[in-house]
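Residue numbering begins at 1 within each chain, and the chains themselves are lettered A, B, C and D in the order written.
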Amino acid sequence: MKAVADSLWKQVREDFPILAREVHGRPLVYLDNAATSLTPRPVLAAMNHYYEHANANVHRGLHTLSAEASEAFEQARDKVQRFIGARGRESVVFTRGATSALNLAARAWARPRLARGDVILVSELEHHANLVSWHIITKETGAKLRFIPLADDGTWRIDLLPELLQGPVKMVSVAHVSNVLGGINPVKEVIAQAHAVGAKVMIDAAQSVGHMPMDFQALDADFLAFSGHKMCGPTGIGVLCGKAELLDDMEPVEGGGDMIVHVGWEESTWNLLPYKFEAGTPPIAEAIGLGAACEFLGGIGLDRVRAHTQELTELAARTLDGMDGVHVYGPLVGRLGPVAFAVDGVHPHDVATLLDGEGIAVRAGHHCAQPLHTKLGASATARASFYITNQPEDVDRLVAGLQVVQEVFGVR
Amino acid sequence: MKAVADSLWKQVREDFPILAREVHGRPLVYLDNAATSLTPRPVLAAMNHYYEHANANVHRGLHTLSAEASEAFEQARDKVQRFIGARGRESVVFTRGATSALNLAARAWARPRLARGDVILVSELEHHANLVSWHIITKETGAKLRFIPLADDGTWRIDLLPELLQGPVKMVSVAHVSNVLGGINPVKEVIAQAHAVGAKVMIDAAQSVGHMPMDFQALDADFLAFSGHKMCGPTGIGVLCGKAELLDDMEPVEGGGDMIVHVGWEESTWNLLPYKFEAGTPPIAEAIGLGAACEFLGGIGLDRVRAHTQELTELAARTLDGMDGVHVYGPLVGRLGPVAFAVDGVHPHDVATLLDGEGIAVRAGHHCAQPLHTKLGASATARASFYITNQPEDVDRLVAGLQVVQEVFGVR
Amino acid sequence: MFADLYQQIILEHYRHPQNVGVVDGSLQVRNEHPSCGDKVLLSVCVDGDTVREVRFLGEGCSISQASLSMMTEAVKGLSVDEVRGLYEKFREMLHGHEPDEDALGDMVSLQGVSRFPARVPCATLGWETLFRALALESHEDNPGQPCE
Amino acid sequence: MFADLYQQIILEHYRHPQNVGVVDGSLQVRNEHPSCGDKVLLSVCVDGDTVREVRFLGEGCSISQASLSMMTEAVKGLSVDEVRGLYEKFREMLHGHEPDEDALGDMVSLQGVSRFPARVPCATLGWETLFRALALESHEDNPGQPCE
């Protein structure tokens, strides 16, 4: 097993010069991938190439630089479309990130279609992006949130779904992979059952796109949201992918250049998809960078990315949970990326700071999932999260680091 | 005069490697700065440094990379704050761009405060970003747009302002510098008069910030919107600057991580300014790049940037308007950046394509200002726009290029 | 310099466009390219399967207007299928293929457009509009009228 | 390794915090650092200008809890101005200045925090909360009660 994970890491490490960095005199072990992934050279090169050779605005220009920029920008959309298996390029709307994408669908699809008493079904493990966006909408409409509860092992009580879907459920919006518990949630089943009762389904794929193969059409979700910066792409960009007939039916949230056909003094008419939702100068370099990230990951193969990441994640979960005085939250198998854990007698912040002293970057806090932490009975957890830039040795370093933590706090 | 403009160009040209590019075998003359400016090395270096050395998410991390990223990100906010003379850093909200910033203020400040019959005053020369954003809001609220008309020379009929401000005018939202006519509009006077009748004022500063000194406090505007990519910064970022007491009073438009204090199952409470309006992972590299752009321009000196740009713009306007069969739209003096013009007998698209053949990048179309073009009686214009990356020779190249255009079309 | 794009024959059509006007009682379709402002009002008479008459009122660049002018000349008297075949050849040329000079006639002068992707929509505006008209024409509740 | 951050004296305060609890009838203020989840309920009795009693219920990392524990010990019996002066010294230390060892006592053990900007808020949570309480106390319509 280690050999497999090793080989991918060896293949890509040269693409991530930051991996050569030292932190507090120790070689960096970056275990904060769920917050943001590291960015490989080809992605930076694609963005720098735009700025250094074709630095122009898109769509509206007849000159060479603008034509080149427009082509690179639209090719990036095509790359994203193929990467996630969307039916057409008109389904791929560039946003500022996953949060913006979730909010866009909540505001433009759900808000005008919700009435007092209607239900939006989410789960107990959602990221704030998929909760607070709804809090805003429920406050405005009088609709209500309902929650898919978690079983003790941190997986969904999918058995309760038929019951949860009763009544005026208009929208189901759930995370594909939890950014804390790491479990790969059974979204296909949710989609099938939700559609059977006429609800639409949005998948928060911030932790899954770029981490495992994604086929939007086969999945049959109505909306899919994700960020560039969690999948080797740049900050400042994300995607709302939607079924074209739904997007077509939605009013834009922002108005400006590029999203119109005709602007009169008093009113305007909207452009075709996806431009209707992309008011103003888009994140051009960022889209090009995201396209390059799709190519980079596609070149590795998403099956391999997933196998590598899942192996390391499960190895880490198993190993940590086996340590005296360490407990892992969530499932030990079927886990992709994040491993949240507790060290008895040591607050997660102290864990993170002491690990940083060992050159190991983990995160501590509620990871933008306060309600989940309420459920877990912990106001904060420590989280190590894995991706293609990790190797099995990183798990050893983490274990050794945790031993130091336990020593300093005298809890061993 | 030429000497002044020459010296700045000589000073900065090495920072813009793209200026060494050839287009159709001719050295590039980039005259599309109003669409997007070129990006200097220090800005790219700042972003690359983030990705290569401190590639982490901000705010939520205790580890070294995250602390470095957070510091760079928040320092960027401070740089922007100083650059535009905002009172405090809480006034500086990062957005996706000027369009997003204008829409944010329209939706979060104006929408809940507008009733049927209320008036939003704009001018006849606005960019679509400052029109369509309002069309969406007026449709939802029943409020109305009213227009500051243009005089024949393309300047505002400021004499009509007292009359225009009568009645329930709640908001005045106007461009500081027109992206077509290039005139520097008397916004200070508008602000004073609008405040006297109790209206709030938003300045669309997409064409002025980074082109001339800006002092938000002295200006006394309520909101200011601009984009990074028009002032030597990256794509994917802009700013809404607002008076803190107004921002404080506004509800957020998007919900997610970082913008909350506490998230419960059913509702959430909002974070302090400016974070309340920055849901999710912000455009980190882009903010850092924008901060670097502020430093870059600040290093040159905004007075010099303005003098250089205005000299070239007015030289071009005067020279083109003096050519047989060429007409410049808008004022010939008090002009900063854009020079829109017509060549008799040649459609603007053909002008742009033929100039491209000469290595000269200009734009043709309505420049996201269809209503203005209706007013000008032209469905499209050609536009050359100047900035610090231009030199007086570029005006000569443009004139020679236009002579070629006239020859090809036999209109000389 | 792009002399090969702006061939004399294009400029002639631009300055003296053919078939300008509106045919009374014909099927009329408006079209516009919002990003550049090129506009056209096309009036079309179809008799059975044959395009009898096409006229246009247009506003726009030399490429769009010349292409409209050439198109109206070329399609008159053709069957709908022949129109389709001709457009296929025209499009192939615009996408860089060697033109079928016999079939395309004057339109070969637009070959240079293929090197300017941003201008291809100018050259096809008229054709797009024509096919919208023909689609309406063949539609059940055809809003057009037989030509006088 | 950050042995110098986690000095024994910090860990002792963390394991055995001083002045834990709520003073009946005192002024009580809640505070929380949302990004990390550190929480405190501080109860404060002020008598004239003197801080008579401070207790806390807290939840959080060793730095925040130890700092709270040390603060409650240090401020008891001080005047409001003295509390301000002490905090000034504490803050200076956290921002990298040489500590005033005599004035700060146990709190000197938190000097290492100055090298961890992300942890400075942990060390100041208690103090922030205390000043909120004192501001309320001095407010006209003071919602607190005199201590029993």
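The rule is simple: contacts are C-beta pairs under 8 Å (C-beta built on N, C-alpha and C of every residue); 3 or more make two chains touch, one makes a residue touch a chain.
Quick caveat, the model's predicted, so the values are computed rather than measured.
Enquirer: Keeping to the contact definition above, tell me which chains border both chain C and chain D.
Expert: Under the touch definition, chain C and chain D have A, B as mutual neighbours.
Enquirer: Centre to centre, by mean C-alpha position, how many angstrom separate chain B and chain D?
Expert: 47
Enquirer: Approximately how many whole Å separate the CA-defined centres of chain A and chain B?
Expert: Distance between chain centres: 31 Å.
Enquirer: Taking each chain's centre as the mean of its CA atoms, how far is chain A from chain D in angstrom?
Expert: So the centroids are 38 Å from each other.
Enquirer: Among the residues of chain D, which ones contact at least 2 other chains?
Expert: Each of 35, 116, 119 in chain D touches at least two other chains.
Enquirer: Send over the residues of chain B in touch with two or more other chains.
Expert: Residues 60-62, 66, 260, 262, 349, 353, 356, 364-365, 370 of chain B touch two or more partner chains.
Enquirer: Using the touch rule from the top of the page, what pairs of chains touch, sorted by label?
Expert: A-B, A-C, A-D, B-C, B-D
Enquirer: What does chain D use to touch chain A in their complex?
Expert: Going by the criterion above, the answer is residues 1-3, 5-6, 11, 35-39, 59-63, 65, 116, 119, 122.
Enquirer: Chain D touches which residues of chain B in the complex?
Expert: Checking each residue of chain B against chain D gives 59-62, 66-67, 70-71, 260-262, 271.
Enquirer: Under the definition above, what is the set of chain A residues touching chain B in their complex?
Expert: Against chain B, the touching part of chain A is residues 17-18, 21, 23-24, 28, 30, 32, 35-36, 38-39, 44, 48, 51-53, 55-57, 60-66, 96-100, 102-103, 107, 127-129, 131-136, 138-139, 144-145, 147, 227, 229, 234-237, 251-260, 262-268, 279-286, 349, 352-353, 355-356, 360-365, 367-368, 370-371.
Enquirer: State the interface residues of chain D toward chain B in the complex, per the touch definition above.
Expert: Touch list, chain D to chain B: 32, 34-35, 116-119.
Enquirer: Write out the stretch or stretches of chain A touching chain D in their complex.
Expert: These residues of chain A touch chain D: 346-350, 353-354, 356-358, 364-366, 370, 373, 379-380, 404, 408-410.
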